[in-house]
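In this document, chain identifiers A, B and C correspond to the written order of the chains, with residue numbering beginning at 1 in each.
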Amino acid sequence: MMRRRVVVVGGGLAGLAATMKLAEDDIGVDLVSMVPVKRSHSVCAQGGINCCNKFTRAQGDSEWNHFDDTAYGGEFLNNQPPIKEMADWAPKIVDLLDRLGVPFNRSEEGNLAVRRFGGTLYKRTVYAGASTGQQLLYALDEQVRRFEVDGVVRKFEFWEFLGPLIDGQGACRGVVAQDMFSLEIRAFPADAVVMATGGCGLVFGKSTMSMVCTGGANARCYRAGAHYANGEFVQVHPTAIPGADKLRLISEAARGEAGRVWVPRRQGDARHPNDVPEAERWYFLEEKYPKYGNLVPRDIATREIFALCKNGYSVDPHNYAVYLDLTERATGIKREVLHKKLGNILEIYEQFVGTDPLGEPMKIFPAVHYSMGGLWVDYEKNHHTGGLNWDSPRNQQTNVPGLFAAGECDYQYHGANRLGANALLSCIFSGLLVGRALRAFVQNPPGGGAAALPAGLAERETARHKAAMDALLKRDGTENPYLLHRELGRLMTANVTVVRDNRDLRATLERLEELRERGQRAALSDRGDWTNQNLSFTRALGDMILLARVITEGALRRDECRGAHYKPEFEIPAPTADDPAELQRQALEWCRRYQRQNDEWLKTTLARWTPAGPEFSYEPVECHLIPPRPRTYGVRGAEVIEQVWRAMSPARGNPGGAAGAEAAGAAIGGRA
Amino acid sequence: MNDQAQRTISVRVRRQDRRGSAGYWQTFRIAHQPNMNVISLLQEIAARPVTVEGRHTAPVVYDSNCLENVCGSCSMVINGRARQACNTLVDALLAERPQVEIAPLSKFPVVRDLFVDRSRMFDALKKVRAWIPVDTYGPIGEGPVVAPEDAATRYDLSRCMTCGCCLEVCPQVNHRSEFIGPQAIGQAALFNLHPTGAMNSGPRLEALMEPGGISDCGNAQNCVKACPKQVPLTWAIGKVGRDTTLHAIRRWLMK
Amino acid sequence: MTTAVEAWLRRNHFLLRRLHSLSGMIPIGAFLVVHLYTNSLAAWDAHAFDKHVREIHEIPYLPLIELLLIFLPIAFHAAYGVAIAMQGRSNAAQYWWLDNWRYTLQRVTAWIALLFLVLHLLHFRFAHWIGGPEYQATIARGMTPFDLTQWGFVDGTPVAAWLWVTLYSVGLAASVFHFCNGISTFCITWGITVGDRARRRVFAASMLLGAVLLAWGFASLYALTARPKPDLRLPPQPDARPVALSPADGGAS
């Protein structure tokens, strides 16, 4: 029998994990990627990958705690069966990566070394120097190369995905892609298609993302009928270095290894940071969040830094910036030790800024970093474990039959905010999961699969894309796609990132419509038929504007504060009273409002493409194991809120499955 | 307006329209901004592709992705030296000479302009079997214990991003020679150092004992100096040199 | 036919490359050291030089030994070396690094050393092929090795002594550099030095050896060309006509 064949689009961690899993089961894979897969954006991940491990277990940690941190960190917007399954698999995934030869840092005894990341109290993150993403990507790339040599995997690198092949029944039967050199357009029939095409940081102009992260492929699936979920949730990383061409990340590992964030207590203090005495330094995160300190989740750290700079505390007269301090004076840790653990990110700072980050504090500012939202994907809950049915073909499948998604381009694992070091985990986990789901799926693909493609489908779709390309190549107009992209980036960064306001969002939607129209008048400066990057970029610009609309309108509709989505207008004011009775009353009021907010907004945003613009609907979030609770991260004054909340909800934490209930009870009890 | 705002940079770019067609130079003037890197020069050219003569041209085609010196895409010959365009800062270049000159890597076929075809490096990884052949991706337990020093050495080797700078500067890599280049030797060393990988080091060493393998290294030691990731390539070459010596002797005596 | 040879060369690529590397050390390099040591004696004590040279010439099976341990290895090293050198393309002018210059110099000196070797062999060892004196016959006629050598540089040649000194200085320096630099590359090739520090140490040591060899070489060159004849020769034997080489004896003018 002919080998079953799946097209995987994108060769980052998720795409490669899916590919190797499929290949292991002898399912053929056509791996389509705009860049050699070894250069995918996953290389940029620095800090590490989370898993409950030997060391944290000894301190009372468990997979359940990891699951809980992920749900709490994502402000309960992530469906719990997939994230429970992910947390359960985390240690096994790290074991697998270890077996694949990833050069993780080691303890003296030769075990995997661990560090602490944001949003948890445990040292749950294993890492390979400060380029864990690069190391993990290479490990998977190597495995895929092994199958490439065996002929199970065929790579199509420098091929750009143009759209899914959708048959008359609405099922996905393959993809249409274009050779980025010869501009040849051809169809790749398949029994199923996996999108593993990452995030859409370029919608915001400059971000920490790579140049391919336009979200173009995701937008093309959305345009073809796939639902786009939670687009408004965009993580802004608190610590990046501003640059002319992009914003470069300084990993959370810098804070995990004791880096401290501060500003001088006096606004506009022009002294060199090393000359500011200890007493005049304001370690504002440590002060405000004594429990988590510098390792509060990213959305909180970002907002705090942003607000401080807005209030005149920026340490740079021209830009917004605060200090991230890794000097021995601030951390008490010797230079050599930090250099060994953080070499790579220190290198980045040195290369691009030119000062020694161990000699003086780094100047950093938040930057768009990760798309929590993405293509909507399904899952099948296992009623016994509360996790997933690992073999179900529903897992990671979009609403378009046969079209799957995994990694950053799906919306599934991070809710309203992603925890540091959960991205690498979710990418590999969802990649392996989709591989497993497809094993069942390709046995009986819709319409008979690749071998029984409806006559004329491939030809029709190829011709349609070819015609669109020809039109674009010939188009005359006055607009410049690169300058339009800069405008789009400035617009989105100003209005749809850290702080959102409905009036601004409405104005942004109008501007986006204007940009869309102008985008249709963008003419190419290269009309050639060989390696035309201008063509590819201009095409992606249209996709970025399309996604910008989904993101902005989703944000406009969501009238609440949740994770990365912050609208001051709808913030529930924290209790401030000194009088205990009044404080109690305020806390009760706070909790009631929070409850109402959850009743109204604890749901997934779904956008569906229509010619008139996105059509929005909402879907409940499955919180069957851990009931939502106020996400306070031990902010001062939070104790009373937590007390009141617990008192308000005595019957909570009784979800499906005896084991789950017991565990839930234990975990919640353990935290009390 | 101050001087800073008016300052422009002259950028000379080597261009080539197609595979195998003749190359030519074009010069552009770009407004100087603080903190520019070579990528931002190319971005500026893309936004306004007009030469100093005022001729409208196609944007310069180049390979890039992460822009933080970790993906290996944007290797170019900048002011005569192979390096990454992303972490080459324009002010530092201008301190060397008044014009910035950008050319494609010379050891690889040009696809267009600055974009070269580096597939030979990926083929080399196949040749040296640069992977750990595990039995299954299923959960069968932990990996082998590794000493921290060995892990550190492997990490250093594993940072290789297949950028091609080591091949570009190697006098032994050229159209007359089959030399596989330092990168693949470094990767063979990486996998031979892993406890599981060591069990199948034989085929990797034998691949490097063929024509074009380790013995075609000319010991110029440029690779390690040009490597943007400080991969200990000469260490790897020495190590693989030793391992192939022992492997050859062992094979000769044991068979 | 050529394809069969090519196939054989490719099949034995690793072995041949290693043999090429090895032959540069043993026997060629070792021979160079011994040869320069012998010559250096001329600078201090012509008797010792003469004695040593005579001893060498008394080694049994000398022609066979010369053939197997000197001429064949050199021929192999040179021929295979040419093939290797043809594959390199120096870029030392572009990448101005010491090791890169060493790479280039190793190849430049190889060419010089090869030409010098041919010259040197025709100058002395195989002078009779081009009409010069034959060593054994001349010695048998009572001339000392020292005198014969000096004659070869000064009187018995149409080439000016200063030119010989120049040619020999260049040839000597090239050969010594090629050998000593070769020690450090040999150590890399065989995996004896792996780390950078080890490599730097071996390089320093090999350059030190090079200095000694150069000193020996220049001292002997000086003694055999510029220095007045030491008056330490054996008294001429009755029938030994002093240095009466002429075309009639098979010598060249």
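Throughout what follows, contacts are C-beta pairs under 8 Å (C-beta built on N, C-alpha and C of every residue); 3 or more make two chains touch, one makes a residue touch a chain.
The structure presented is a predicted model; accordingly, all values stated were derived computationally and were not measured.
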Leader among chain pairs (count of C-beta contacts): A-B
Taking the mean of each chain's Cα atoms, which chain ends up nearest the overall Cα mean? B
So, in whole Å, the Cα centroid of subunit A is separated from that of subunit C by 69
So, what's the distance in Å between the C-alpha centres of subunit B and subunit A? 29
For the pair subunit B and subunit C, the C-alpha centroid-to-centroid distance in angstrom is 41
How about subunit A: which of its residues touch subunit B in the complex? 20-21, 24, 35-36, 38-41, 43-44, 89, 92, 95-96, 98-101, 103-111, 113, 128-129, 131, 134-135, 138-139, 142-143, 145-146, 148-149, 181, 210-212, 243-246, 248-249, 340, 344, 347-348, 351-352, 354, 432, 480, 482-483, 486, 525-526, 528, 530-531, 533-534
Could you pull out which subunit C residues touch subunit B in their complex? 10, 13-15, 17-18, 84, 86-92, 94-95, 97, 99-100, 102-104, 184-185, 188-196, 199
Which bits of subunit B are touching subunit C when the two form their complex? 80-81, 169, 171-172, 174, 176-177, 179, 209-211, 213, 215-222, 224-226, 232, 234-235, 237-246, 248
Residue set of subunit B touching subunit A in the complex reads 17-18, 33-37, 39-40, 43, 46-49, 56-59, 61, 64-73, 86-87, 89, 111-112, 115, 118, 122, 125-126, 129-134, 136-137, 139-148, 151-152, 154-155, 158-159, 161-162, 190-191, 194, 196-197
